[in-house]
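What follows is a single structure, and I will ask about it in a moment.
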């Protein structure tokens, strides 16, 4: 149980997707102008990353990875060793397919069930589809917890990494939106208004969050 | 010693400039200009025209509506003109200009002594209203309205405000020293008019002799107690005084009578005594004339309507004066020229030669304006919202409940004109609200 | 070689069907015209139409609660675009332009002003530092309010760039002296003063102010100008921009915009009296 | 009314000044505040000179000079009046230099203070607009960019030329107290005594060594009300409390903590004091965290902010990757200041709890 908490803290704060891994920067800069939108975006990312981690783990474990419970090994692998059925070279393309479908579903679901959230987030959902954080978490899951002895542990850790990554995204985008709302009122040099200053803030925030480096090992 | 809980500043007092000068009656000036809206409430209607002869104390403009008081001639003479002119707060209204004939004879019916103890409640309130008595502390709210609270709001305490926390001003101090008896009599009259048996007199501890003088004149009355309060600006503000003396806090947007209290200034008490017992209308008031631009600082009893120019020239105005302020330095209004008259709400005329420079710098978020605000408002946040023009946030930030006492601007190390921003915001909000309806 | 093909093919098929089912289950009818109208609007969210930005106006137009021509900055061009999308005819009001009712560039000061350098704030201090309490204070609130770069402070005094002005009325709201008025472009002659002071008082403080000499009133053949409270006021219905009063006005308060507007090619108006355009 | 106009003009020589109330002002001003804080740093600077000799002072001078030059350049570029003499640039340069090792090559403070002034301050709009403390942003930037010469575990204290300074610091290379506390907490008191820690005869950055000098300077600021005592107090107390209570990995495996019985209460207190007096905590708590621009507005907010910084320092020092967590803890808390301000707004007069009592 303790290792799960440490994993959660380390993925949410220590190697945060935005500030340490520098993934998912375009929605981070694009959506962090208003606090309400930022929180909405953060929640959507948490939902998508968690779902993506779960689905991508299942697809990887049962279709791509050269393990006993690989579907093809079970069907056709009578005499041959499991390692013949190693389709991990397909991982990236399959994951993109999975995530795109997932986000499409989320967009339809939101439009139907929570129109106001869709109203404020409408254009950003396609942004999440191509969001490198979501694809990143899926690939990282595979790299860190791909092939482990106990299936349940690997699944739990992957989903937790997805969820933790989403929470980290929400924390940082929420803080950034508060700062950017405050900065709107200042006399910022014209050349830096808008995104340039957002990048400077992100840089300084990344410098600050370097303090968490090495924690939770 | 009691004081209000949060905030407050200690500006230098500068009171010793005019502290020693005894009350001195100023002779009737040659011209008197009487605006019709010298009080909070509906402006009164002029009843005299060009060329009419008026005697001192005669009604020249009658009250219109309940929250309004008549205006009386402060000199005898001939009405020279009734014309529209700008007031010191920028509003434009009718001004009655009277050329004095130097005789100073009172209108008949004034000055006949009356015994207030056998006058009924209504008679006292009518006498106060007909004499045109308003709050002399600066708000100039018609006193008879305060003395007749609505039935559903019981009043249990009358507070007499002898704080005078504004720097430079010493007229209330001299009134307490020299006219304590009249003030005490006025206090008893007001207690009767309000039907209240508990009164507290508040005096700041930098006026020790005035405190003793008042204590000796009122200790005999049962139900009246006198308190010495710490020297802290704005101790004399209504809400702060009520919190200091009774611990009750007047909610934002509400009046003292909502917490069962009425606050009156000491000079107002004397004016009530003058009106009810001496049957003399409010035609003169104590004014402190001081500042480094005045040769002979003094506490004058000035006829209402006398021009600022005449008063200042009489006390020796230095031509190098850079700024003339009506009222106290913390809340007073700077005048563009000297042709404004002394009105019922004028408690001080200040002439300054040396002025601190007011070049505003950036806000460095030091938080001092928040620490000193007696109403615990967030001045730094207010300015940010006002500069960004977010009118819808003004209500939530209580911009509209600010009493513009000036402590935040006084305390700001970066000289930012916070009160000016708030004044602008209030005007902006009124226009926005009107447009929204 | 076979399994990769199966994997991708199978997954593609599975997700395709899934998405189809989802799109059936989560069907929401959205009027696509709202987006198309919004794209046609200028998108500056100036609020001149009285609605919450261009998206608000698009929704109102589609729901019929706002007229197709209600986007003022968009003017004729946008009105036609929106009308086509909605399939209705666009009755476009005449283009209007902001006119500044003051020329008091070099009016002196009554006092030295120390406070916030905005017209709104200065106006609270005895109606502003200028000798003329009706005239322009010159701190540039209007120029800051204009989001179409049509108003600039030149040597401390506002200048309207009529080519760029889209009559969104932001300057009208920003000026505490209410010196801006939106007047149709076809009207070429305007009184550049708003002072109600007596002629004698105006002559002392401003060389280009209206001194209520009533010459314009007498010379006007169309009874279009009257002097009320010491100020010449135009009745734009009757005024034919003939310019007779411009020559009569001794202080040059009444100005003709014919040359400047012709120069900008904005509106070649035929002069009703002299016939030259 | 015209008749009277002329008369009143002859009385006054010049036009009257009209401005908004109030017409008085405190004698305080931004330059006065900034220069007071600069002055309050002098004792610590003097100890830095005693400890680390002339070279350290050269680092300080370079840092301040570049800070002033870049502020002037940035302000001319932005087209705003140049306000270099208000002391804020000097303060940033001084603070940055004081948290750098004494033997750092000169281009390091130059780059650091240029970054601090131009990026961390003027990119946001000049004095009063920056979210992060410029000096600390500069230090974090240097730490990230030139970690080789700054975070050297064994900070060489003295060049050969300055061997044997007055305070008896003579070891050429000696681990800083922070490092010992992190890697070998049990062996700490063998090397350093609390007395030396307090006086400042220890290796470390130029201005952070002597707790005594820093407290002296800070008390001057607290008296003049430029620093709210709640912030440093809650900061230091939180660090001491957590240092005493939280378990820490021992020198050779196992954990040191009161709960595990491997640490007596007395030793825990000593360790708490050691943590408080070592590293940059003193200069961080009194001068960096209390920077008015980047700290919360209300005193309640400042107490929370201080506690937050304290928690982060403890976490970083005990479990994190760096021996010294002060710089990062303040930068992280700067990010959250806007949130603290939002929740610590005081109740308006008569609108909060009191309203119920007498409404």
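Residue numbering begins at 1 within each chain, and the chains themselves are lettered A, B, C and D in the order written.
One rule holds for everything that comes next: a contact is a pair of C-beta atoms (placed from the backbone, for glycine too) under 8 Å apart; a residue touches a chain by one contact, two chains touch by 3 or more.
These numbers come from a predicted model, not from an experiment.
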Chain at the geometric heart of the assembly (C-alpha centres): D
Of B-C and B-D, whichever chain pair has more C-beta contact pairs: B-D
CA centroid of chain B to CA centroid of chain C, Å: 45
Inter-centroid spacing, chain D versus chain B (mean Cα positions, whole Å): 48
Approximate Å spacing (C-alpha centroids) for the pair chain C, chain D: 52
Intercentroid distance (Cα basis), chain B paired with chain A, Å: 65
Multi-chain contact sites of chain D, meaning residues that touch two or more partners: 14, 16-20, 126, 129
Residue numbers of chain A (touch at least two other chains): none
Multi-chain contact residues (two or more partners), chain C: 110-111, 114-116, 121, 124-126, 129
Touching residues (chain side chain B, partner chain A) in the complex: 384, 387-388
Sites on chain D touched by chain B in the complex: 1, 4-5, 7-8, 11-14, 16-26, 28-30, 32-33, 83, 86, 126-129, 225-226, 228, 292-293, 295-299, 341, 345-351, 354-355, 357-359
In the complex with chain A, residue positions of chain D that touch it: 77-78, 119-120, 122-126, 129, 131-132, 137, 140-141, 143-144, 312, 315-316, 319-322, 325, 327-329, 331-332, 334-336, 338-339, 342
Of chain A, residues touching chain B in the complex: 184-185
Complex contacts: residues of chain A adjacent to chain D: 175, 178-179, 182-183, 186-189, 192, 197, 200-201, 204-205, 207-216
